[in-house]
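The structures considered in this document are given below.
Each of the next two complexes has chain A plus one other chain: chain B in the first, chain C in the second.
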Partner chain A sequence: MVIEVARPRPLWQILFSTHHTDVALLYLITSIVFFMLGGALALTIRTELLTPGTTIIGDADLFNRIFTVHGTTMLFLWILPFISGVGNYLIPILVKYKDMAYPRLNAVAYWMAVPGAALIWLGWSDTSWMAYPPYSTMRAAGPAADMWIFGLKILGLSSILGAINFIVTILKCKHPDLPMMKTSLLVWAILVSSLMTLAALPTFTAALIMLYTDRLGVSGFFDPARGGDPIAYQHLFWFTFHPEVYIFLIPAVGMAYELIPKFSRKPIFSYGSGVIAFLVLSIIAFASWAHHMLATGLTFTEKTVFMIGTLAAVPMSAMHVFNWLATMWGGRIKFAAPMKFVIGGIMLFFTSGAGGVVNTTLPLDFITHDTYWVVGHFHMMLMGTVSFIFMGFLYYMFPLITGRMYSERLANVHFWFTFIGTAVVFTAMHIVGLYGMPRRIWDYVPDPTIIVLNQIASVGAYLIGIGMIAFIILLIRDSVKGKPADMKDPFGIGEIYYDYRRREPHH
Partner chain B sequence: MVELVISMGSHVIYEWIYVGVVVSILIWVGAEAWYGEKLLHEVPKDHITIKVVGQQWFWTFEHPDGKREVGTLHLKAGKVYKFEVTGKDVIHAFNIPHFAVMIDAVPGRINTIWVKIPEDAVGEYLIQCREYCGLLHYNMRANLIVEA
Partner chain C sequence: MRNNSILVVSVAALTILSTVGIVYAQEEVVNRSALAWGLFYKMMTAAFIVGAIVQGTLVYIIFKFKEKKVKARAEISSSR
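Coming up: the complex of A and B.
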């Protein structure tokens, strides 16, 4: 238990602590704050797109900055810190060690994320989160774009430090009596995604340096006038960020494995196939990056290879879904908030997975690429699946963190508004994409169908907004005033809850 | 690895059947997609080449006879057109949603894509930019006028 609300600790004790639960708490609070800020930007975007022409944002420049910061925030300041937060809380508990392997490095990794976040939010860049050159090197306004580059660089370094820490903790500090094959699948998930981070991230880190020297004018890596190639950046970028998609997804899958058997009151259908799917996916994830670039003029052979690489990743995700459904099959399912969010996440995972297959099948990609279809597709994945499972897991950890129980009624309001809203907004985006609406536009063609679909999407977004207000109220109110939780069995599903521990004053 | 397979237990057969079904569907989808793309890959011989240049934030078109158009493109129904697309400053994407024409306009590269305009397609269509290219990206549009 960390925030001992009954006996509050001074804030500085948490801020300067290197204890894994304190660092985890900082990660979680930071990520939730940025989730809400990024969400507020999303609602601004949806409000602007409610009608053609100016709705609330006066000019395209501000709009471009808003969607850039929205994307960067959600990926690097919500999803990644949340994974680090959950990992920091639970990995030492799940591998039965007193703390992370390098507690100080752990705190350093967190505190590096703070200036990274500050650079992104103070810079307010307009490069889009992909920052494709030559736009980002020749036309994007400084210092915003430079601050974005440095911000991401610091966040990348922080991720690498965190990944090293997780790998060493899991492989070297695991209790000797606990074989790897008996650990939770969440441990496997964090291990695999950390290894992928180490393999994938350096490429983007290099690309950021090249981007910056290009901006300074001392190099021309991506400038055709100086013998460079703008497409080279896209290869470097997607070599990192396609695996990164799985780095976001795999921990969420691990969390689902942690919740589903407990709330179904049955053992996991097949532990081994979960591990196999993680390991195979972590390798195949590196064979599909150029499916983001099918329209850049790749050769026929390149397109074929990357289509096959992409399709090859699908069976692994399908194995996880099968495993989840088979675990739930015939179980006495307890529909508490964590389970509801996980089930909602699995349902939306089907849509995003099927949409992904459509995106990679070659002729169809030229219809969907860079339209709102793609926006709907990856939001269905990152909001519909990853964030849903994250929110469910946060509910599950709520008693562990606060020692109190959340209100199931308010959590229900949160779930239904968010679930219906998510389904509505991102389905409408898929359809409007098929009508040819490009992504990242401040104003669209005033065609009646496109207007109606945008308005449906905006209404869906407002439903999510209502759900999130319930979520914020719940988090604040119940962590201060909630009923004390039964720490052995807070969810009434048997005494299988995490063993919460006093802070050991070893550092 | 042996340990892993054993731990999958006795009900493993259901899962492998399911994986087999998923893989077969994917092979079918992939083969269809590959075949479709192969058909599109070959440009018919009797095509007319149009040079397309995207720059912040308008499109320029050049016909084979050297005639240039800015912001409007006149094509004839029933003909096959090949577009040679490039960008002048930053990356754009040349897109005619109605005919599913879409290819990036990349500085320093010439990408090609072709389309057969149907006989009965006389009318006005939208040409737009589909890759984010800065301030007026949303308004980087042109008119396609298909004449009989």
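Coming up: the complex of A and C.
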């Protein structure tokens, strides 16, 4: 188990290991490194937008490259590897199996992510993380855009291999005496998101091939001059990436289900409703992809279908929130760092959800489409909810990984700076969007209100930056010098911690 | 026969009246922007009300059921 980190081992033993905790450790370290790198790019973007005109970035092209790499990094090199890391650590423990079903495949999936990441970071594409044609097929400079395409292709394949491994481990390797309905909701969350990955990702994989052959000039799938249609790419892209939003969100919700009952010292209020909400959300996720395209000339009927499909996610999300509130109600809640981050995430979840309802309502979409409102909305979800719960869960796993306890005081500094910063930056983005500021721009109209709102957003980003510095210090310092944790109950909540010494397979 | 005549006359009258109504109707200006913003404010009002209830409940739970508070409450009840 990870406690092995406390015992000195040659680095190559971890790098070339196929054991699930070693692969998990590699995934987690990779994801945290890229979280910080992506965050540094975000701070650069916010510094550039501090004032109209040039602030620190000399030209629009460089700005485009920075936000492309920022977006791609945060989605594919922070969130997805983190989910894989947590899944690798805990799924075998939670289903009582010795390892993942295919340990070698597991290590291969991780090592595929490394060249994928390298291609994205060395290419430095300017296509934005969506790479819409015609720009991406006709104008985007190579080899940057080509490297981005290949990087994402490799990362996609890595995700598919990881998903297959999780599904087989959960469904086939689970201990025979452990019924599925008695497993942790985190197991359900990883299972559902892995199934969604298998259903959603092949479409984007196909779209990337089409994009590449279009760039080579051997096809014209997205070129109207050759009988193609650029909008077709958007359909293929969002068919993958709207479900992908739930692939990011559902594991975070599963982690919240893992933490809230433990820190409230109460069982989950309704296990069944959690499972149902996961399953229904996974289906609804595929019925709402075109809500990203309401301004692209869809018919009224099509738009209405996708609007209703999107709104159908609201009751399911509400089921989770009410389940959490009801679990906490009457409990004896310990507000250690994991719980603080989860509660912060729930608070911001509602804000981002309300913004999403506005985006998908037909007449309102035309007000908010392609403005900073949308940037505020999805950042509130991915940073405010998903990343918050991830960071909380990392604190929860800290003793398992290092055998040591983190500093609660420094974790507090991390939480409050990050929470206030997140609320400030993304609320300001919502408002500046309503003032009509378009997204993905390097410069903006020197209107006093827009300038002030951008400056508020940038100050919020700097607060997050301070919080993240505390986080990095904590991770490095306490991994090495933290107090040894009581591994039976490191948080003093009277709950049995993960079985970190378990070695034997059940067969 | 008589019923049919009444039906035909009625339908004709309705058609003519509605056509005349449309032709001589006052021009109605629909300000779509105002409608959309009106809807926006209505939805945001609803969102803020629901949000206040949910977030308020969450804040109430945080203060009511936090570890120290529950311990203190238990001590009070046991001393009684």
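Definition applied: the second predicted complex is superposed on the first by the 495 of 507 C-alpha atoms of A that agree within 3 Å, B and C clash if a C-alpha of one lies under 4 Å from a C-alpha of the other, contacts with A are read in each partner's own complex, and residues count from 1 in each chain.
The rule we apply is simple: a residue touches a chain if its C-beta (ideal position, glycine included) is under 8 Å from a C-beta of that chain, and two chains touch if they have at least 3 such contacts.
None of the values given here were measured: they were computed from a predicted structure.
In the superposed model, A:410 makes contact with neither chain B nor chain C.
In the superposed model, A:330 makes contact with chain C only, not with chain B.
In the superposed model, A:347 makes contact with chain C only, not with chain B.
In the superposed model, A:456 lies in contact with neither chain B nor chain C.
Contacts of A:367 after superposition: both chain B and chain C are touched. Applying the stated contact rule after C-alpha superposition, one finds that A:160 touches neither chain B nor chain C. When both complexes are overlaid on chain A, the residue A:357 reaches chain B and chain C alike. Of the two partner chains placed by superposition, only chain B is touched by A:271; chain C is not. Legend: residue contacts after superposition of the two complexes on their common chain; A:295 is shown touching chain B, with no touch to chain C. Chain A residues in contact with chain B (one complex) as well as with chain C (other complex) are 357, 361, 363-364, 366-367. Only residues 60-61, 64, 126, 128, 132-135, 138-140, 181, 224-225, 228-231, 269-273, 275-276, 295-297, 300, 303-304, 307-308, 311-312, 314-315, 318-319, 322-323, 326, 357, 360-364, 366-367, 369-371, 435-436, 438-445 of chain A touch chain B when the two sit together in their complex. Across the interface of their complex, chain A is touched by residues 3-9, 11-12, 14-15, 18-19, 22-23, 26, 29-30, 32-34, 36-38, 40-41, 56, 89-91, 93, 95, 97-98, 100-104, 106-109, 111, 126, 128-139, 141 of chain B. If you check the complex, the residues on chain A that touch chain C are 264, 321, 325, 328-335, 343, 346-347, 350-351, 354, 357-358, 361, 363-364, 366-367.
The touching residues of chain C, when paired with chain A in their complex, are 32, 35-37, 39-40, 43-44, 47, 50-51, 54-55, 57-58, 61-62, 65-67, 70-71.
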